[in-house]
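One structure is given here, and the rest of the page talks about it.
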Amino acid sequence: MVSSILPLKIEAVTVRRGGRQILGPIDWVLDGQGLTILMGPNGSGKTTFLRVMHGLERVGRGQIAWNAAAGDVRARQAFVFQTPIMMRRSVLDSIAYPLLLDGVARQKAMTEAEALAAQMGLGGLLNQPAQAISGGEKQKLALARALIRAPDVLFLDEPCANLDGRATKEIERILTEVRAGGTRIVMSTHDIGQARRLADDILFLHHGRLIETGPKAAFFEAPKTPEATAHLNGDLIP
Amino acid sequence: RLSVTTSFANSGLAEVLLPEIQKDTGIAVELLIVGTGQALALGAAGDVDAVLVHSRAAEEKWLAEGNGTHRREIMYNDFVIVGPAADPAATAQTSLATEAFAKIADTQSAFVSRGDDSGTHKMELALWASAGVEPAGDWYRAVGQGMGAALNTAAGMDAYILADRASWLNFGNKAGLAITFEGDPSLFNQYAYLPVNPAKHPHVKAEAAQKLEDWLTSPRAKDLIEGYKIADQQLFVFNATDK
Amino acid sequence: MNDILQGLSQAAQLVITGDADLVEITALSLQVSLGATVIASVIGLPLGAWLAVNRFRARRFVIALLNAFMGLPPVVVGLIVYVLFSRSGPFGVLGLLFTPTAMVIAQVIIITPIIASVAHQAIRELWADYHDLLISLNATRGQRIRTLLWDGRRALMTASLAGFGRAIGEVGAIMIVGGNIDHATRVLTTAIALETGKGEFGMALALGFVLIAVAVLVNLGVHFLSRTERGSRW
Amino acid sequence: MNDILQGLSQAAQLVITGDADLVEITALSLQVSLGATVIASVIGLPLGAWLAVNRFRARRFVIALLNAFMGLPPVVVGLIVYVLFSRSGPFGVLGLLFTPTAMVIAQVIIITPIIASVAHQAIRELWADYHDLLISLNATRGQRIRTLLWDGRRALMTASLAGFGRAIGEVGAIMIVGGNIDHATRVLTTAIALETGKGEFGMALALGFVLIAVAVLVNLGVHFLSRTERGSRW
Amino acid sequence: MVSSILPLKIEAVTVRRGGRQILGPIDWVLDGQGLTILMGPNGSGKTTFLRVMHGLERVGRGQIAWNAAAGDVRARQAFVFQTPIMMRRSVLDSIAYPLLLDGVARQKAMTEAEALAAQMGLGGLLNQPAQAISGGEKQKLALARALIRAPDVLFLDEPCANLDGRATKEIERILTEVRAGGTRIVMSTHDIGQARRLADDILFLHHGRLIETGPKAAFFEAPKTPEATAHLNGDLIP
């Protein structure tokens, strides 16, 4: 393996939109291995933060720096959006698309995509238009499309929101596998059970600020802030 | 409202006459500059009050159909043969227009024909006929455009063309062209004024048309028409006769 | 080549001296073309939306027809309007021939299909987004169309501008129905045709550059006006 | 009114008897306009996509310019092409003036802005959908444009058809650069202008109806061809 | 209250798409009061079935009939889509939009929309463009838009998928209230806990067919089919 694109250093980053500061200032370093879970109430800035790391958001102030010595950093990341973006193509073509961008031969790309689709439970839908499949199937497709290039860093924004119990279990299994393979994962979720099952460490966002960070055990057993405590109990945050 | 041929408008004479007409008679003449055929068609439909064109046969047919009251000759100018300054067909050495045409055909020099049934076009066809030539072949380009546009085409192709003198003198895009033949009386070009028949179209301003006719045939008009010069050349000869 | 340079300098000269004739024909050009654009938009935009919203048997055929009508040859439109409004035609009594009104009518016929067709394309995309919601909310046909027109107004501007562009550069139809009468129905394009016929390329090009400048200014104006209220997404 | 009926019957007659001249000029019309449409699409569609995908300082200005160029007066385009290709012009040696090639060149200039502008509008919507995904997947600029052109091909057809419509009905430019030479550069629109000038309104209308029919047929043809592969959503 | 638009009778309805039969044949009657939860794995046809009831899907065979004597039936239903459809309008305008369609005066519509937005926790976002707010906020907006006309029948397709614990609790409270007010609710969810908390009865879909229906207690305690049992356990369905 070539040198890692990590660490990602985030320094005093803020994002303003619609006249409000919706994120930051945030300081954080993404490094090492494992799976980090991003938690926080609706509108706390999880999506924005993930997009900032992936380089999709214009930031107001602050610095974001990958280990640029590692070459083209974007090509070695993948992102699963909260609302899956479906191309006007078939399911199979959609999953193969990232490989085609990389210049992989069509035949080979299709074979790989087919295998991955089958693993994701999309085997029966290969020739359906991606825009016509069900909500859960779209989420699976988006995940397959993100995994097919075997990224070094994987961002997922509530990837299981529309999935049934069985599919959630399967995705969690895949993510655990991918993490074991060395991929660094950052993922947001509202499912506290899922966070408990998957996380190595937790980031807790509130009003756009990272008010609590640390290993899973500490966060769930003894949250330091009243906000996190309330969030875990599903109460109104004070 | 008067419909006139493009060659009349392109001559620039209109710009001299219209303000004077307005001054003397109070009539604000609106000019519709179209092809001869279209000018007559506009008159037949009653969309203009009078027509000023130069194509005798067509005019008489138009009158015979009851579209107008009468035909009044106003003035004439003449046609010239315009061609490449080098005159490859040596038309300048001939004395008759028909001979010049025959030479163009002999040498197969490029020739642009209006090809639009206009007065000029009919004149050209008559000349070919009397020259005994059936114009056809690669050298003969029937373009189907107005006088100015046809001249532009001839300029672009370095070709011969039959044009009325006024249009030629007023033409801005002479490129490599020059008059190669002129002066044959058979090239005279009679303009006539035809008021639209008020019996057929009661709304036409027959009175104004009459007034305009009177003015156009007056000594005042004669002075202006014969005094109109471009590059020191007189363009039109006034030949209106008293009724 | 020379002609082009000469045209440019002549154009500058005309504009700087504020040539009265130029001002007059430019004003008439704008008046006729803007008038036609407004009328054609009032017809064409809702028509485009209506076609996007309604499914009926002949829909594809009507849309193909509309697309084809984008290519209505101006001369033919001019002729038809002429025939209808000529003294011997059915609307002859109105005496509209060779007036700016007739020119507006001809241009409306020419640009309505363009506006409707481009609008239809834009609205179709928006309708694909809104379809389920508007059906679910039980919006009437009229409400659907109004909502789509309002929410799609930025894209619809392109449709109207396309129509305006076609109108301001059009010559074939207004030549026939307007007659290019000096101080009455002469506009920029017919003046250009006249100068071209005279072989006065410099002057023709000068007027052409003025025309292009006017079109650019109108477009820029509309764009910058609409910018002040642009959506946050683009 | 009569003229219109007469035109219709004359058109029917010409078509039924398969008039040789009509076939010739119709074929040339199609050849020139389709040629121009293909070339203009090859330029205009990627240009439209490029403008949708790239953010740069002068972007709004370029787009407004493009919209304005939709209104390029054909006569002016014709003049410029004429000046460039005339014997004394820079490309005079090519001897292209008064050939179908010159007509294609003039039409390409006229319709490229239309195709690019309509394409830009369609692609902009698609790009709004695809933006995050294509950026995230690290697609190069060229890949983005190719993806958008391919996935938006149905909407882009409308752009090309708009260009074709404009081309087939255009007369001002091709009259100047083609010269309306019988059996060489005469097409439907210039023939119509000729008949109009002759006052043969019936014949002019007949040719006009043939022209409209040709445009409708091309549009219907393209629509039905594309229908066979239509997406399931519309 | 005028006469109810219920019952809705569904007889032998089938839906075909993309060459497959994706729903049915289904026979069912929607009547009475209460809250029905639709469960089933991804792609089992929940969304399609909800859309069929609401009249958004072209059905192949079969009959769907509301109590048409009750007048305009569509105006008295509301639907919350799985992927919220956001108009190109502000949050406030979006919520007020259904009232404006009904001809309510603008001023009054805005006041009502504002009150409802505040109740939904959208009070701070009234002037933001609806397309720019966060995923969870969009779901809340869609729900507010559905509730503002006080429908007789309310369909919801996974309305809490992107919501945090606190918001989910609040929405559940609102739905309970609305049901108490007499609104008939049909809702799909993958959240088994939520189904247990809210449902009066359960419909279980599998491969497009209604294989189990009945009161909540019976379904959760003793599911009749092996498919439902597996689904509740998050296992691969046999």
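Going by the order they are written in, the chains are A, B, C, D and E; count residues from 1 in each one.
Keep this in mind: contacts are C-beta pairs under 8 Å (C-beta built on N, C-alpha and C of every residue); 3 or more make two chains touch, one makes a residue touch a chain.
Note that the structure is predicted; figures quoted are calculated from it, not measured.
Novice: Which chains are shared contacts of chain B and chain D?
Specialist: Of all the chains present, those in contact with both chain B and chain D are C.
Novice: Trace the shortest sequence of touching chains from chain A to chain D and report its length in steps.
Specialist: When the steps are counted carefully, the minimum from chain A to chain D is 1.
Novice: Which chains contact both chain D and chain E?
Specialist: Neighbours common to chain D and chain E are A, C.
Novice: Name the chain pair with more contacting C-beta pairs, choosing from B-C and C-E.
Specialist: B-C is joined by more C-beta pairs in contact.
Novice: Please compute the C-alpha centroid of chain B, do the same for chain C, then give the distance between them in whole Å.
Specialist: 35
Novice: For chain C versus chain E, what separation do you get between their C-alpha means, in angstrom?
Specialist: Inter-chain centre distance comes to 47 Å.
Novice: Quick check: how many Å separate the C-alpha centres of chain C and chain D?
Specialist: 17
Novice: If you average the Cα atoms of chain B and of chain E to get two centres, how far apart are those centres in Å?
Specialist: Computed value for the inter-centroid distance: 81 Å.
Novice: Name the residues of chain B that each touch 2 or more other chains.
Specialist: 34, 146, 149, 152, 155, in rising order.
Novice: Among all residues of chain A, which ones touch two or more of the remaining chains?
Specialist: Where chain A meets two or more other chains at a single residue, that happens at 17-18, 129, 132.
Novice: In chain D, which residues are in touch with two or more of the other chains?
Specialist: If we look for residues of chain D contacting two or more partner chains, we find 82, 176, 193, 196, 201, 232-233.
Novice: Could you list each pair of chains that touch, in label order?
Specialist: A-D, A-E, B-C, B-D, C-D, C-E
Novice: Given the complex with chain A, which residues does chain E contribute to the contact?
Specialist: 17-18, 40-43, 47, 82-83, 121, 125, 127-129, 132-137, 140, 157-158, 161-169, 190, 192, 230-237
Novice: Note which residues of chain D are touching chain A in the complex, please.
Specialist: 129-130, 132-133, 135-140, 143, 147, 151-152, 231-233
Novice: Per the contact definition, I'd like the list of chain A residues that touch chain D in the complex.
Specialist: 54-56, 72, 74-75, 77-79, 81, 85, 87-89, 97-98, 101, 129, 131-132
Novice: Which residues of chain B touch chain C in their complex?
Specialist: Per the stated touch rule, the residues are 1, 6, 9-10, 18, 30-34, 45-47, 146-149, 151-152, 155, 170-174, 201, 203.
Novice: Taking the complex as given, what residues does chain C use to touch chain D?
Specialist: 1, 3-4, 60-61, 63-65, 67-76, 78-80, 82-84, 89-90, 114, 117-118, 121-122, 124-125, 128, 155, 158, 161-162, 164-172, 176, 188-189, 192-193, 196, 201, 204-205, 208-209, 211-212, 215-216, 218-220, 222-224, 227, 233-234
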